[in-house]
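Before anything else, here is the set of structures, which you'll find just below.
One chain, chain A, appears in both complexes that follow, with chain B as partner in the first and chain C in the second.
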Partner chain A sequence: MLMLVIQKELRDILTSTKFIVSFASCSLLILLAFVMGAAGYRTEVARVDAARRENLKQMEGQTDWMMVRNNRIFLPPQPLAALVTGVADDIGRTMDVRGRGEIPQEDTRYGEEPVFAMFRFLDLEFIFQVVLSLFAIVFAFDAVSGEKERGTLRLSFANPLPRSTFMAGKLAGSFLALAVPLLLPILIGCAVFTWMGVPLSSDEWMRLALIIGAGLLYFGAFLTIGITISAVTARSSTSFLALLVIWILSVLIIPRSAILIAGRAVDVPSLDDINAKKFRYAEQLFAEDRTAMSAFSPAEKSDPRKMIEEFQKFMGNVNDARERKMDDFSSRLNEERANAQQVQSAVALGIARISPATCFTLAASALAGTSLALQDRYLAQAKGYQETFAKFILGKTGVNPGGGMVFRMRVGDGAQEKPIDTHELPVFEYRPPVLGDVLPAALPDAGILAACIFLFFGIAHAAFRRYDLR
Partner chain B sequence: MNNAPMIEAAGLSKRYEDGVLALDNVSFAVRPGEVYAMLGGNGAGKTTTINLFLNFIEPTAGEARIDGIVTHRDPLAAKANVAYVSENVMLYPNFTAMQNLEYFTRLARRPAPTREALRQALLRTGLAEEAHHKRLRGFSKGMRQKCGIAIAIMKNAPAILLDEPTSGLDPKAGFEFIALLKSLRDEGKAVLMSTHDIFRAKEAADTVGIMNRGTLVMQRSARELAGEDLERVYMEHIAGHNGLAA
Partner chain C sequence: MFGTVLVKELKAVLLTPKFPATFAVCSILIVLSVFIGIREYRTAAARYTEGVDLAAQTLRTQSTWMNLSTTAYRKPDPMQVFVPGVTGDVGRLSSVNSTEDVKLRNSAYGDDPIFALFRSIDFAFIVQVVLSLFAILFTYDAINGEREGGTLQLTFAGAVPRPTYILAKLAGAWTALVVPLLVPVLLGLLLVMVYGVPLGSEGWARCAMFMLASLLYFTFFIALGVLISALTRSPATSFLGALAAWVVLVLIVPRIAVMAAGAAHPVPSIAETEGWIDAFAKDRWDQQMKTLSTRWQARQASMEGMSTGEREAYQQSKQQEWANDDDASRQEVQKDIDAYRVRVNEEQANRVAAQEGLAFALARVSPAAAYQIASMRLGGTGVEMKALNESAMRDYRRAFTQYTAGKQKESGTQGGFRITVDSQTGFHFSAPRERGTLDVSDVPVFRPPSKRFGEDTASALVDTGIIAVLVLLSCAGAFVAFMRYDVR
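Entry: the complex of A and B
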């Protein structure tokens, strides 16, 4: 009996004009997301390659590693970020790494192309979050109330059809009829993605499959909510209106409101405050150092080379001590801010998770490696690279200039000096997260979506037991 | 033939949540091979009676029984024995007549029907063969009514409930319907037909019941009514119970 109701739903939906029009629109958008994602990825790869070459070019001609005081590193585009942008376009992709000290992040995609920040990109996550949830509502709003209005509910239940079977068949049939066909444009999109030269590792394929799985869970959640609302309302127009309100709240209002509420509830010191404190402390340290520098007197005053070396060593120690103090101070401030931000995020996301749209966004961006963790991950790897870079320069020059001023005395016979080989410079390779890293972050949100389906199915089932079939 | 009632109302009452007494202690029985016409105006309680037999609502008192099964105690078993045709048969508009017929036949827990069986059922109702594979979307009310009757035929249930089945049908379609109804009766089906149509009721019914304001005010066999003008009887009972009698 269940199979019969499922088959009926499949046939009823798949042969409707509404399905053909909606499916064609969704398919087109999904394919567009893959094509535009692939094109954007290729553009980003070319941009990063050019920036890397330009960075090395600027070092070419130098004859002393002492002159290489910093190296620019770049966050390479990630294939999955082309489909689930997350925060990838909001964070600084370029970092100027010195031998020590804080690493400034700059050059966000939206900073470079602000017009895109206005409406954001049409990525796969957007299609799922906005378009497919509407697609689910359009088909679910009259699932029960529409059958009542059409009169088919009465005729169906004049037969020995259990209400639970009808409800389970409705949900399963609608899901199969709507979700499975959507896999077709997604599969074509994947093929187009590969064909356009976006390389995906087996791990990334796996993560993409899970993103699509999370999307289907989200779609299922809205479908179940839709069927539930349809089962508690007598008229499909009422059901549609209620669902539209739920959709607006879920997709547009709750995530934004949650952030506003958390912003009010948890105070996070602004970057300006922190930078001002850092600046004042740096001024204080410089003042102390100037006193120490004015008191400097070389032990050996006859040999200028030894004098310079002694001064270099003195300055190195002064710089090291200042940078250490500055690092400690900055770390403390940054940690305080990061802790406050964590609390704020926890509050914001805790509230926002009422909405299935938030759960899907968090799960998808975690799986794509473009969640809020991207910035921390990039920064942590940049810090790791900073140590490698510092060791390399120290090995080459004997000092870690840390981007500071270098005193250098050249004593030579005037012969042409050999330029440095920039290829020796340690290369920064961003290591994107793998499935094992992202799964723990994505599973709770996927779990909430699954729980949402079960919860609303339970409500729909309970509501339909008392539904007036007349 | 077993003469036990196939469709039976025993002291059936229904009071809605808003306090309206829609049905008050109604009792009647329809035996196999009998057509029972339930006459009455709007709000008389005819559709409430049908709804009680289909367990769409539960009685406040009394029982509705199909083949001895109390419908609100074992609704699925009761519904397995009853076919239902509504005033305005509404089927799935994206399905063809054959597809609708096949779906509802299987929904009635009958074996998967052959195409020939479906075709014969539709032809028996008078639905032209060229319409069998057309979507219901373009069907007239009469054509949909024929599909509804075909569903009842395919279900082959011993009890048939008809709710205003001739309403809105043209005279020819009405005549064909009555002929079909008689043939179903001759096959031993018990038919309960609620209707406004006194002419059709007289033509097809073995027993006529008149309902007014939730009460069964008259019940007579066709033989008892043979020499009488049913329209006058009907008006007398309705008027009398409405306090309009001279």
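Entry: the complex of A and C
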């Protein structure tokens, strides 16, 4: 009996004009998202390569590694970020790495090109979150109430059909009829994505598959909610209105309002204040250093070269001590802020998770590596690179200049100094997260979506028991 | 006749069960969006005041004129309450000193990415996305619903001229939807006044124009719904068609337009252009080093053969002259680099403007994009905000560096420190005399760029005009379609 109901549902949906038109539009949009994502990815890769080249160019012609005091690193575009933008465009992509100390981060995509902030991107996550949920509602709203209006509900129950079988068949059939065909444009999109030259590792393919899985869960959630609402209303126009309101609230309103209201309720120390404190402390330390430098007296007063060497060592120690103090001070302030941000994130996102749209966005962006964790990840890897860079410069010059003053002596003996080989410089390779890293973050949100489906599945059954079939 | 049909249409909309529900939702959303907008503006304004105070404090604690550095902050605009635009994405502040160029950094979303996940809910957003959807919800079955219900036939059993009918339909739907919504809108404006948002007379004028643009936008979707209804036989079809049109116009076209413009007109990244400037600067400073070393050698040569006492006296007498020469050539290098930087920035600005122009041109097909462009222009929170602020900050930087250079000359210290290493006299290090904190009471203060009401209004008028034209086209289309509509 269940199979029959499912078959009926499949036929009902797949042969309707509504399905053909909606499915065609959804497929087109999905393909468009893949195509534009791939094109955008390639443009960004070209831009980062150009920036890297320019960065190395400044160092060419230098004859002393001691003059290489910093190296600019860039966050390269990630293939999955082209499909699930997350916060990748809100994070500074350029970091100015010195031998030690804080790493200034700049150049967010949206800050650099505000026109993209105005309209933003058509990525797969947007299609899933907004269009697919609408698609689900358009089919679910008259699942039960529409059949009642058309009279076919009565006819079905003229047979010995248990109500629970009907409801289960409805849910399963609708999901099969709507979600499975969507896999087709998604697979074509993946093929086009690769064909357009976007390299995806096997780990990234796995993550993409899970993102699509999360999308289908999200779709299922809206479908289940839709059918449930349809099973509590007598007229399909009422159920449609109710579902539209639910859609608007879930997808457009709740995520934004929850985060804005709850997020602002938590007190996070402002970055301006912290930066001002750091600046003042740095000034203080520099003033102390200047006094120390005035008091310097070399042991060997006759040989200029030896004096300079001694001075360099002295400067090295002074820099070391100052940077250590600065590091301690900064990390204390930074930690305070990070802790407050954790609390803020937990509260705001926790409340926002009422909406399935939030859960989907969080799960998808976690899997794609473009969630809020991206910022921490990039910063941590930049710090790791800082150590590599510092060790390299130390090895080449014996000093870690950091942010302090560099004293260089040029021997005027006319000898042609050999320019440094910029290719010796260690290269920053950003390591995207692997599945094992992101799964723990994504699983809870996917779990909420699954729980939502189960919950409304149960409610649909319960509500339908008391439904007037005539 | 017109009046009768109008009243009938009013009743048809206002007395349906769906009206109170949707009106309640829309009202709550409108008031909520204004409330949140006010809170966000106040947060931004508080941050701005805090930042300016901090910058003034930090200025007072610095000890040398040469490296004097301050921060200029972008002032939030009260119109942000209604249309925050890209204020969260563009940097809020820039360092101002003699060595770095002006660059807006630390955007609100960059500092606190959690708010970037879903962004803001503001009045412009509610109008653009929610109200348009509800307009369609009420008008998608304006004509064919009546046809299906049989009442269209009945109406035309009487001597009702078609033009009258369709005009009354449009007018009725418009009145029934717009007039009730004036209530939450006025409530929102009341909130703005109660919370003391400093709009000023210019702000209120912009607000009025913004409301007009919003009204026109809403009208377009009412007309679109009626048009689609007059083109189809059954409400089920027109509903799907209208929904598809809504998705395409509001959600899809603007994004595709901007992505297409980005692909067609790629602009070098700031990282790259800064790389060009840094490479040029490095070359120039290298040249300078060579010049300095030859000069130094010449000076050493001029002291050849002097005794220690003579040498010291000679150095003492020449010290000021040498320092001035060195400073002059240093300033020339800085000027060259600055000129190059100005050129690169100008070229970049032109490229960006071309890309934006293309994006807007493509996007304006959709009234949602035209509305967004117009509202952001009126709010002063669109893409032009960044360039405007950066150019004002650059002007300020010029004034600031002139001030510090002047003060430096006044105080007589050359700043920095001097290190001399001589095989005979040994090692000497001198730092400028610390005179405690500086007197910065007369330092120039950054004045936020003045808003250009005329230009903004003119530009917004173009986009509002586009929406108005689309409204007329849809009404005309509905008209024409209905003339040939089979009422049975």
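Brief remarks on what is shown
The rule is short, and it goes like this: the second predicted complex is superposed on the first by the 467 of 470 C-alpha atoms of A that agree within 3 Å, B and C clash if a C-alpha of one lies under 4 Å from a C-alpha of the other, contacts with A are read in each partner's own complex, and residues count from 1 in each chain.
Simple rule for what comes next: a contact is a pair of C-beta atoms (placed from the backbone, for glycine too) under 8 Å apart; a residue touches a chain by one contact, two chains touch by 3 or more.
Just so you know, these numbers come straight off a predicted model, no measurement behind them.
Touch criterion met: A:Val87 reaches chain C, while chain B stays clear of it.
In the superposed model, A:Met1 makes contact with chain B only, not with chain C.
Legend: residue contacts after superposition of the two complexes on their common chain; A:Arg332 is shown touching neither chain B nor chain C. By the document's definition of touching, of the two partners only chain B reaches A:Arg154; chain C does not.
Of the two partner chains, neither chain B nor chain C is touched by A:Arg465.
Contacts of A:Leu372 after superposition on the shared chain: chain C is touched, whereas chain B is not.
In the superposed model, C is the one of chain B and chain C that contacts more residues of chain A.
Legend: residue contacts after superposition of the two complexes on their common chain; A:Ala39 is shown touching chain C, with no touch to chain B.
Those residues of chain A that touch chain B in the complex are listed here as 1, 4, 8, 11-12, 15-16, 150-152, 154-162, 468-470. Listing the residues of chain C that touch chain A in their complex gives 17-18, 21-22, 25, 29, 32, 36, 39-40, 43, 47, 50-51, 54-55, 57-58, 61-63, 85-86, 88-91, 93, 103-107, 109-121, 125, 129-130, 133, 137, 236-237, 240, 243-244, 247, 251-252, 254-259, 261-263, 266-272, 274-276, 278-279, 282-283, 286, 289, 293, 297, 352, 355-356, 359-360, 363, 369, 372-373, 376, 382-383, 385-386, 417, 419, 421-423, 426-427, 429-431, 434. For chain B in complex with chain A, the residues that touch the partner chain are 51, 54, 56-57, 75-77, 79-80, 82-84, 86, 88-95, 99, 103-104, 106-109, 148, 151, 155, 161.
Chain A contributes residues 17-18, 21-22, 25, 29, 32, 36, 39-40, 43, 46-48, 50-51, 53-55, 57-58, 61, 72, 74, 86-87, 90-94, 106-108, 110-122, 126, 130-131, 134, 138, 237-238, 241, 244-245, 248, 252-253, 255-257, 259-261, 263-264, 268, 270-273, 276, 279-280, 283, 287, 290-291, 293-294, 296-298, 301-304, 307-308, 311, 341, 344-345, 348-349, 352, 358, 361, 365, 372, 375, 407, 409-410, 412 to its touches with chain C in the complex.
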